[in-house]
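Next up: some structures, all given as structure tokens.
Consider the two complexes below, in which chain A is the common component and chain B and chain C are the respective partners.
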Partner chain A sequence: MNLLRSPGTADLPSPVRSVLSVRMPTVAVGLLLLVTVVASAVLQPGFFSPYGLSASFATFLPLATIAAAQTIIVLGGGIDLSIGTVVTLSSAVSVVLMQGDDGRLPLALAAGLATGAACGLFNGLVVAVLRLQPIVATFATSSVFGGLALLVLPTPGGQAAPVLTGTYRMVLLLYVPIPAILLLALFLGWRLLRGTRFGQHLYAVGGNADAAYTSAVPVSAVRVLSYTLGGLVAALAGVALLADAGAGDPTLGTQLTLGSIAALVIGGTRLRGGSGGVGGALVGAVVLSLIQGLVFFAGVPTNAREFVYGCIIIAAIALAGLLTNRNGSAAGTTGGNR
Partner chain B sequence: MGSMTHRNTLGRGRFGLRALGAAAVAGTLLATACSTPEGGGGGGGGEGDAEGPFTIGVSNGFIGSEWREQMLSALETAFEEYEAEGVVDELVVESADVDINGQIQQIRNLIRSDVDAIIVNPNSPTALDQVFAEAADQGIQIVAIDQAVESEDVVNVVIDQSEWASISAQWLADEVGEGGQIIAVNGIDGHPANEDRWSGASEVFDAAGVEVVANDYAEWDQNQGQTVTRDLLASNPDVDGVFVQDGMALGAFRALEAEGALEDVALVGEARVGYMREWDAQREEGDFSSIGVPNPPSVSVSALHVVVRMLQGQEFAADALDGNNAWLPIPETVTDDNFDDQFAQVEDENDAYAVDHALTSEEADAYFE
Partner chain C sequence: MTTTIPSIPLRRLAKDPVVISGAVTLLLWGAASLYSPAFATWGHIVTTLTVASFLGVIAIGQTLVIIAGGEGIDLSVGAAATLSAIVASRFMNGSDDGLFFAVLAALASACVIGVVNAIGVLVFRVPPLVMTLGMIAVVAGFIRLYTGGRPEGSAAPLLNQLVTGDTVLGIPGVLWLWLGLSVLVIWLLRRTSYGWRLYAVGANRTTAYLSGVNPSAVKFSAYVLSSLFAGVGGLLLLGYTQNVYTNLGADYMLNSVAAAVIGGTALVGGVGGYLGTIIGAILLTVLSALLRTMQIGGGEWGDAPRQILFGLVLIIVLTAYGRQKRLRG
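Up next, the complex of A and B:
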């Protein structure tokens, strides 16, 4: 099971290399997290109050979850521009079935998750079997899913189940919001996935599909599965959004696509695939949300906020990129010649 | 390789254990204490705070439209008057192109800024319910403008969009007569204001026996309005009229002008200066008729009057609220008859300026006991 980037390192399995390659970006994003948290604590009144923590994590979770979904796809060498509309469609399906009734929650959630996975599967088949360019193919499917969401939920409406919204806003022991625990669960879920054979294959296919193919990795199957899993996780983001919003809307989540990509890049995942991880993307999403709040609380004039926010994001991405590239050249000297 | 496999297995086991541990801890925590943070958090205000001066937050989720700019600048001007009287002290504005998730964050930022009230132009009539409840829990008064919301924690200070659209629809129905055929250029499919308006207009057309042969969407954008109107005209060359919502009528006008169809096809106009200039020019040339129903951006000012009174502890009069809606009057329609008067008042403004109207303080008092 040697999944390699170059024949010269035939005896060094890629999981080792991927562990090595995430280390530097993790330092970068860790640094960013530290800076943004300290700045938030200074600038935002009540940042560490129970309401402050609960409100912050409630805001982080949807973006972090969709960033995790996008990362799984990008690691496998793909990209999904339809991921925001997958969130929209799955949340629309959920809320239509839910109708504000706790008893219907399990069915509604199952249907929403199945919808997300089905969208992902469809994307995966289009990309891996029809061999269309992911960026174009998923741009096209985003219209399909967005259009379907409008058919399922033509106008905003539909209440989320009270137990869902209630649980989402709950805080344990005064200081631990439920969304924070879900964020941790997401990370642990990823660590479990990464340890599986599929997890290893994902890095191999994203790193060098040809080499993976010659090492008998089922490249197409891995790609399809990565999109399907991505769709499933995107549907989880839809559930989180629904819990946070309290009601359905046929535009819920559509604009999260670019945020998901920015978060994973800040988190040190390489857009070409094969390097990075969900952990970094989760932190990247938190950093992204915190920066948005900071620009507001720092008292930047309304009209300049978008500009300042954009500049900070560029700086954050540059920092992540700088450290990733350095690491890339370091890896080059140890054998990988990509 | 052998050692690596081992390490991976080990890793899996370790994280499996950790996950188990976390679940156990979470279970214990859940059993010992859980709560929903309310009241005593970072928010301020509260019912007893009727003295002022008050801090007012604004959440606007869509920029780049002149209408929204006018909405905000009019609000700032009116705010300064209250500030001079010592009634209010700070206006905290959150204004950016955001989706619903972003607007939820905007409102949370306002809550944490200790505002006493929030004026919101909402991106969704339903999906901000939870964050409105969070704000209301902290004693913050919330008023929605432009777009009504369903949340009972919010008072909508809005015009009736359905009635707004029915006025120009009635004019068009009279122009084309029973059996007339029209095309419709609407805003955004699924957008609540769009749905309300189109349902109001459709009712009028059905009742008058007017046939809508085609309906498309141009996102309240003049350029798209022009393209969509041109395409609809190309596929339906024999129509008698064009129904178009505001923000797109100038585009529709240009499309008709390019086809040389201004004389034969009746067009719903808009109460905006750019369109009114064209209207004015056509009037001088002869037989051109149109209508413009104002959709006033200064609804933000009306909302400020209302929310200040709410903060001062005044109660709504018995008949002031319809559900959670405080309906605003629709300003006087611009017609062929009053055009010269109306145009003279706004002639010096830029093309994107919308004919405006706000409640006066006295009119706002009438909504309260």
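Up next, the complex of A and C:
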């Protein structure tokens, strides 16, 4: 597979090459973050005020969590086009059980998380045991989950528990919003997972499933687990969405899936699997949310907003693609030869 | 790949995706006819095929892009179809006068999407899935900007005639058009050097390159053709619905991929053909017509149960042959 290297990097000494290949996506996404934060601080009045920070992080968290879920699946060599519908289904289940009652919160959250994990498990079994191609398989399951979400909650609505929405809006120590702490917790959770045996196996399976199999990695089990875990994290995103909006919406699915994949690619994770990480995806999601806010605050006319936002995302993705593939070009030249 | 095939063995036939999906289609259609005899009438068959033709035409380009390999996929076909329909309806505005120009403008606008996709994939090396997914947002944004959120105009009477009325030998013009395009595409894939180059690039980009094929040019053409055919599909849809709305083509995004995959075109590239996609498109249409006729859903449940069953049946159909090879051992 990797016998061919692109001529551009082959001549360079290996330390330089490794710096170029490993650091570039990280540097690029860091720069993007810096640019968007500075621009937001200039254009958005009160961006660094406690209220501004709280509002920003409240919108970051749902997208960042979905992006993290998608990253876990993509790292293992899969992809989940149903992830948006997993989010809407699990949040629909939660909000219907909650009925705006604090006492029912634990039960409702547990049911939502279990729903997400079950959806993920189903995806994992379809992909790893039935061995269907992930793109079409998760397209089919997205139809199932989306339909279930509409059954549970036919129209946007329901009422989240006041404790949930109240806690989500809290700001600790004047400047530290709760969603920011949760974002950090998400990242730390990923670092813990990355260090486990499963974390290693995930990269091994995504990088080269045949080689992993030969090295006695339980490939199918790792795939099923990665989808299940992805589903569970997607359900967490559903909770965050619920806490942010205060109500459920069964129709958001496709949009969320698109956002999760865009954030992951901007964050430097390779869509072929085996390279990248959740940290990048989190930053990618923050960048995406910031750009959306910037388009609003830069005074772009209402009808042009979506177009400008779309163009900026494409540009960011193209930039990320250019930098990420600097080392992935070997795979590019031999791509699809199996 | 495979060596000598003296005669077509039965086992090989039973594993051919085109044969399987054809059989499943007949099975579904038979079940539908048993459930409601109206399904077996000529008029109903023509209607079902007409609805399938939109998906079939849109899936032409999808098939080409997937065959060209390199994880090729075009999720922006739905957006391209919508854009083409919206541009056309505005220029036509319910009369035949500007028909030619309207069609030209619509197809040109669709092609722009294909060109941008190709540049993103080939020059900036964005994975096709991401590039074409991102283009959906751009095109949706452009449509918002272009129409102000309220698309105007309506289909030219001639276009409407082509799709719904005016039959030749009892078959509407749109089906003749689909037949003509199908013959053209199958000939293109099987008998021309362009088709061979497409399969060569899809099967192994490096060997194709070393054999004197320009992989980038082949892929570029595949993406542009994909948007072009999606644009044609959008025009046909416009002729059917007469008026446009902003998510007219949204359903065709993944259904076109499903039609190709059901028809035996593998997402790894270099394998498959358009005949299978035709059957895949008919299968999906019959399936959704069957679920509609059985009146699953409707009323207070809305579309939901139909959507769930559609997904489950799709998984079952794919399990029949759409499986990837087992890992070594």
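To be clear about the criterion, the second predicted complex is superposed on the first by the 297 of 338 C-alpha atoms of A that agree within 3 Å, B and C clash if a C-alpha of one lies under 4 Å from a C-alpha of the other, contacts with A are read in each partner's own complex, and residues count from 1 in each chain.
The definition used in the following text is that contacts are C-beta pairs under 8 Å (C-beta built on N, C-alpha and C of every residue); 3 or more make two chains touch, one makes a residue touch a chain.
Because the structure is a prediction, the values reported are computed rather than measured.
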First, second, both or neither for A:Gly195, with chain B first and chain C second: first
First (chain B), second (chain C), both or neither touched by A:Leu150: both
Partner chain in contact with A:Pro50 - chain B first, chain C second, else both or neither: first
First, second, both or neither for A:Leu81, with chain B first and chain C second: second
Touched partner set for A:Leu258, first chain B, second chain C, both or neither: second
Which superposed partner A:Gln292 touches (first chain B, second chain C, both, neither): first
First (chain B), second (chain C), both or neither touched by A:Glu306: both
Partner chain in contact with A:Ile314 - chain B first, chain C second, else both or neither: second
Footprint overlap on chain A, where chain B in one structure and chain C in the other make contact: 150, 154, 305-306
Residues of chain B touching chain A in the complex: 1, 4-5, 8-9, 11-12, 15-16, 18-19, 22, 26, 29-30, 32-38, 41-43, 93-102, 104-106, 108-109, 111-114, 123-131, 133-134, 138, 150, 189-190, 192, 195
Interface residues, chain A side, partner chain C - complex: 4, 79, 81, 126, 130-133, 135-137, 139-148, 150-151, 154, 209-210, 213-214, 219, 258, 261-262, 265, 271-272, 303-311, 313-314, 317-319, 321-322, 325, 328-329, 332-338
Partner chain B, residues of chain A touching it in the complex: 1-2, 11, 13, 15-16, 44-47, 49-52, 54-55, 58-59, 62-63, 150, 154-159, 165-166, 169-174, 176, 181, 184-185, 188-189, 191-192, 195-196, 200, 241, 243-256, 289, 292-293, 296-297, 302, 305-306
Interfacial residue positions of chain C with respect to chain A in the complex: 69-71, 73, 120, 124-127, 129-131, 133-142, 144-145, 148-149, 202-207, 254, 257-258, 261, 266-270, 300-308, 310-312, 314-315, 318-319, 322-329
